[in-house]
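Each chain gets a letter, A, B, C, D and E, in the order it is written, and its residues are counted from 1.
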Amino acid sequence: MSLFQGNGLACWRGEIPVFEDLDFAADAGEALWLAGPNGSGKSSLLRLMAGLLEPVDGVIAWGGAPIAADREAHRARLRYLGHLDAVKPHLSVAENLRFWAEYWDAPHNTVAPALERVGLARLREAAGRRLSAGQRRRLALARLLLAPAALWLLDEPTAALDSDGIALFSELVAECRARGGIVVFSSHEVLALPDVRRLALEGIAA
Amino acid sequence: MSGFFALVRRDLRLGLRQGVDALVVVLFFLVAGALFPFAIGPEPERLSHLAGGIALTVAALAALLSLDRLYQTDYEDGSLDQLALSPLPLELLALAKALAHWLLTGLPLLIAAPILGLILRLPEAGYGPLLLSLALSTPILSLLGGLGAALVLGARRGGVLITFLILPLYVPVLVLGAAGLDAGLGVGGTDPWLVLGGLDIAALALTPWATAAALRGAQV
Amino acid sequence: MSGSAFHRFANPRRFLRLADATMPWLAGLTVLGFAVGLYLALWASPPDYQQGETVRIMYVHVPAAWIAMFAYCWVGAASAASLIWRHPLADVAAEAAAPVGAAFTLLALVSGSLWGRPMWGAYWVWDARLTSFLLLFFLYLGHWALLNAFDDPQRGRRSAAILAVVGLINVPIIKFSVDWWNTLHQPESVFKMGGPSIDPSMLRPLFVMALSCQVYFFLVTFMRMKAMLLEARRQNALYRVPRAQAVARRTAESGRA
Amino acid sequence: MSGFFALVRRDLRLGLRQGVDALVVVLFFLVAGALFPFAIGPEPERLSHLAGGIALTVAALAALLSLDRLYQTDYEDGSLDQLALSPLPLELLALAKALAHWLLTGLPLLIAAPILGLILRLPEAGYGPLLLSLALSTPILSLLGGLGAALVLGARRGGVLITFLILPLYVPVLVLGAAGLDAGLGVGGTDPWLVLGGLDIAALALTPWATAAALRGAQV
Amino acid sequence: MSLFQGNGLACWRGEIPVFEDLDFAADAGEALWLAGPNGSGKSSLLRLMAGLLEPVDGVIAWGGAPIAADREAHRARLRYLGHLDAVKPHLSVAENLRFWAEYWDAPHNTVAPALERVGLARLREAAGRRLSAGQRRRLALARLLLAPAALWLLDEPTAALDSDGIALFSELVAECRARGGIVVFSSHEVLALPDVRRLALEGIAA
């Protein structure tokens, strides 16, 4: 019975079954790597974990209590990073991050260090639409640094990142785990992270 | 709650990146309104009769012009997921969006209306009623519009259909606004405004919930 | 064209030299012209037999109107040049002159409508010329709004230039159609603008004022152009980078990379 | 050339798929038009005289509703790059886009116009001229609109800005269209329509180039 | 003097220099791998090669003739794949691809095989917005198969692709090169492709 776990999960997208009877479990400080071919349901599972999707079957529980019971609490404890970077093209890099800080009630003074950390300090004033793919991804990663969260749900966090970026990501994961946070991430490339649990999805050959 | 205002501020900033943008919105009403005389002739008495209807038409136009973007962009660039994953309830999110939309379309119209009245030769007595009608009807346009925008998000057939149930709801609002003008000019009673006020409260109370539901629906 | 070209080619020493040389003279002429013109207009010219003192508005109004139209042609021409020859100086010329022209248009509108109050008993009348001027004002504002609507200035310049040229083609059509529209629906204004003959005693101050406005236009435009060019040059210096540092190392090794 | 029609077909399919745009346009057209009887007070004779002009103006405003989407979506999802990288010249691309826009907005407006005519009690003799004026003026709106949409590509507040840029340029068309109405009602000659046709050809010949230039500018 | 080459290229984005005095060269059947950190100018270079951007300085030439001289010809000979997949959410997978086939005058009967090849045959009727990230990328790749092109410009083609997808990509590249085509691609991960030239960009440390 671990801190964050799901049992017998079934997920449908549209009218199509993605996976059925899937279990996962993660304890404080653990990292879970979702691996699987395209369309096997990694993103779907992460959306289930975040509560953005409802499982057709099964329950996801945090500390024993189903997340459906108290959505506000679950939302408050997690950070989600999807395929899309949620960067506003017409806001500057700093404005983009500052908005999320305000929106999540994170202290203002976390913005500058976060940008520094992901290597975007130089582009602080640049408009979002001027960012390159990897720079945009880095800005998305910076959101994770605004406030410590107990649960990180990251969908291909290293997509478009260069080698430094990947190194940075590993550091972030390590720190989060050291804090006792749980990190669930999907990725196609094998990342050099210490003792990650690997959860392989095959998807349903429909 | 701070999230609420943060969101309103962000949408305003996105809408009014620079001082210019705010001005553009106001001018937009003048241009659109000034279009009518060219089609219906410059005779003052004629224009003065139409001024109210013109103003309301332009109001509806402004409300609709920016609507589909209200949630669409946030939906497409992934911001909506992030917005939904915060302690702020979706109902307040919907309210914040509608408020920002009104500040970007309704308020400028109120500012532009007197100038519009001037060039359309609105009689002195007409200004008060015009402003009152606009002030009462534009909020509903934004609230209902927000609902419509949320419904078409997933763009599943259903959403589209319901939108066509939403848009016609504009009619009574605008009609009441127009009726209010006549009332102000002493043609009828003043009740249209009372009804409008009632609708305002109703919309304020109901649409956020409906919108929130629609937004959850889009997450399939 | 890529945004940088503006900086790379914006090196118009010749223009800057010309501007520095002429501006003192322009400034002097402006002051002098307005002094004389206003004196003639406000004191040394008779009130109109039918308009009384209000006729003096004309000395502001008409020159403003003329310059407003001239300025739009200037902007349109400069924009066309920038689109054809891609010379950044043309961009600057258009961008610098537009607000000045807009200001004169506004002046014509305001002075005109102030004039209209006593003449027509209303601040605004859908008179053909007034209307076409209102539209001209909108064109100016559209140009200005477009210039400022982008995060990338170069993008704004390009769009605004295209709009200005299209507008230039369209202005005569607008003028023609509006006149026609106005005669179609018989206008209720009895007063004909620019009545048949204006008395010489009124023409003299009118022309002095018109000339002063013209000079003033050039003065302000040149000043704005100069400021913009210096700013561009400053940024340009900001981004100059030693070539050596910029050269990308090319490692062409065959076999598995 | 096959690319041209492929693009038109795709835009039509997308427009009808999403469904919203075209119908919002028509609904706005009818709703806004329907406002005026209340604004003027329904005295038939005055109304019928204005009906045509109102219809023309409201049609112009309605056609603006779906404009800012014309290039924006293709711009944001990367399609515009792909479209630009084909043997089809950008000028033809612009033409195809404008044609699709007209088929999705101008045409439905033509079909809806008679209904609005009924609402506004347009006299029998007025229908033919109204349709003819609409048929001659809406294409210019789509062409100019396409230019506007390309100009504001990547700008903030697209919709409002387009309107603001386009309408002053559109005034001559509106004037001529209205004049056509009166001509149809026997007030003047029929030349307005000839001039309008001339403007159609001019717009058809010139706007694609301007639009293509604007699209190239967007590739910064 | 190779078939496709650029000399002394300088590129600015917005008002900022990205790279200066950059040369590249590729002959028929060769593959060029653009490597470099985030923001070093890989995408920008690809856009220059495609003619979507104008170099501030230098020339790009095909067969000795600058591409600026005959844009139509250059456009007709290349296929470009950007960070964005250009998939229309409201069109089905098949409709999406069929449109591009029509638009580029490619024979209709190439659509089905292309979908088959990238493994989307099963999802032929699914709406574009139902695709997962990798499936969308595969659909973008399918566009390359509609008609043989002399020049492929691919911006991180393997982003979001699973291992099969990457294998597929290598095959495609090999085939294109066998045809005598030139393949220029950017990528952060090291792909197992036989003898690719590597062009390293550092970008300008501004």
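The rule is simple: a residue touches a chain if its C-beta (ideal position, glycine included) is under 8 Å from a C-beta of that chain, and two chains touch if they have at least 3 such contacts.
These numbers were taken from a predicted model, which means no experiment stands behind them.
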item: Subunit E and subunit B - chains in contact with each; value: A, C, D
item: Count of contact steps on the shortest path from subunit C to subunit D; value: 1
item: Reference subunit A; chain at largest CA-centroid distance; value: C
item: Fitting subunit B to subunit D on CA atoms, where both chains share a sequence, rotation angle to nearest 5 degrees; value: 175
item: Whole-Å gap between the CA centroids of subunit A and subunit D; value: 45
item: Rounded Å distance between subunit B and subunit C, as computed from the means of their C-alpha atoms; value: 35
item: Subunit A: positions in contact with at least two other chains; value: 13-14, 83, 89-90, 129-130
item: Residues of subunit B engaged with two or more neighbouring chains; value: 14, 17, 21, 24, 27, 31, 38, 41, 76, 155
item: Subunit C: positions in contact with at least two other chains; value: 2-3, 138, 141, 145, 149, 151-152, 154, 178, 181, 184
item: Touching residues on subunit A, where the partner in the complex is subunit E; value: 13-14, 16, 36-39, 43, 83, 122, 130, 132-135, 137-138, 156, 159-165, 188-189, 206
item: Subunit B contact footprint on subunit A (complex, rising order); value: 13-14, 47, 50-53, 72, 75-76, 78-80, 82-88, 90-91, 95, 99-100, 102-105, 143
item: Subunit B residues within the subunit C interface of the complex; value: 17-18, 20-21, 23-24, 27, 30-31, 34, 37-38, 41-44, 47, 118-119, 121
item: Of subunit C, residues touching subunit E in the complex; value: 1-8, 151-154, 235, 239, 241, 243, 245-257
item: In the complex, subunit D residues that touch subunit C; value: 147, 151-152, 154-157, 161, 164-165, 167-169, 171-172, 175-176, 178-179, 182, 188, 199, 206-207, 210, 213-214, 217-218, 220
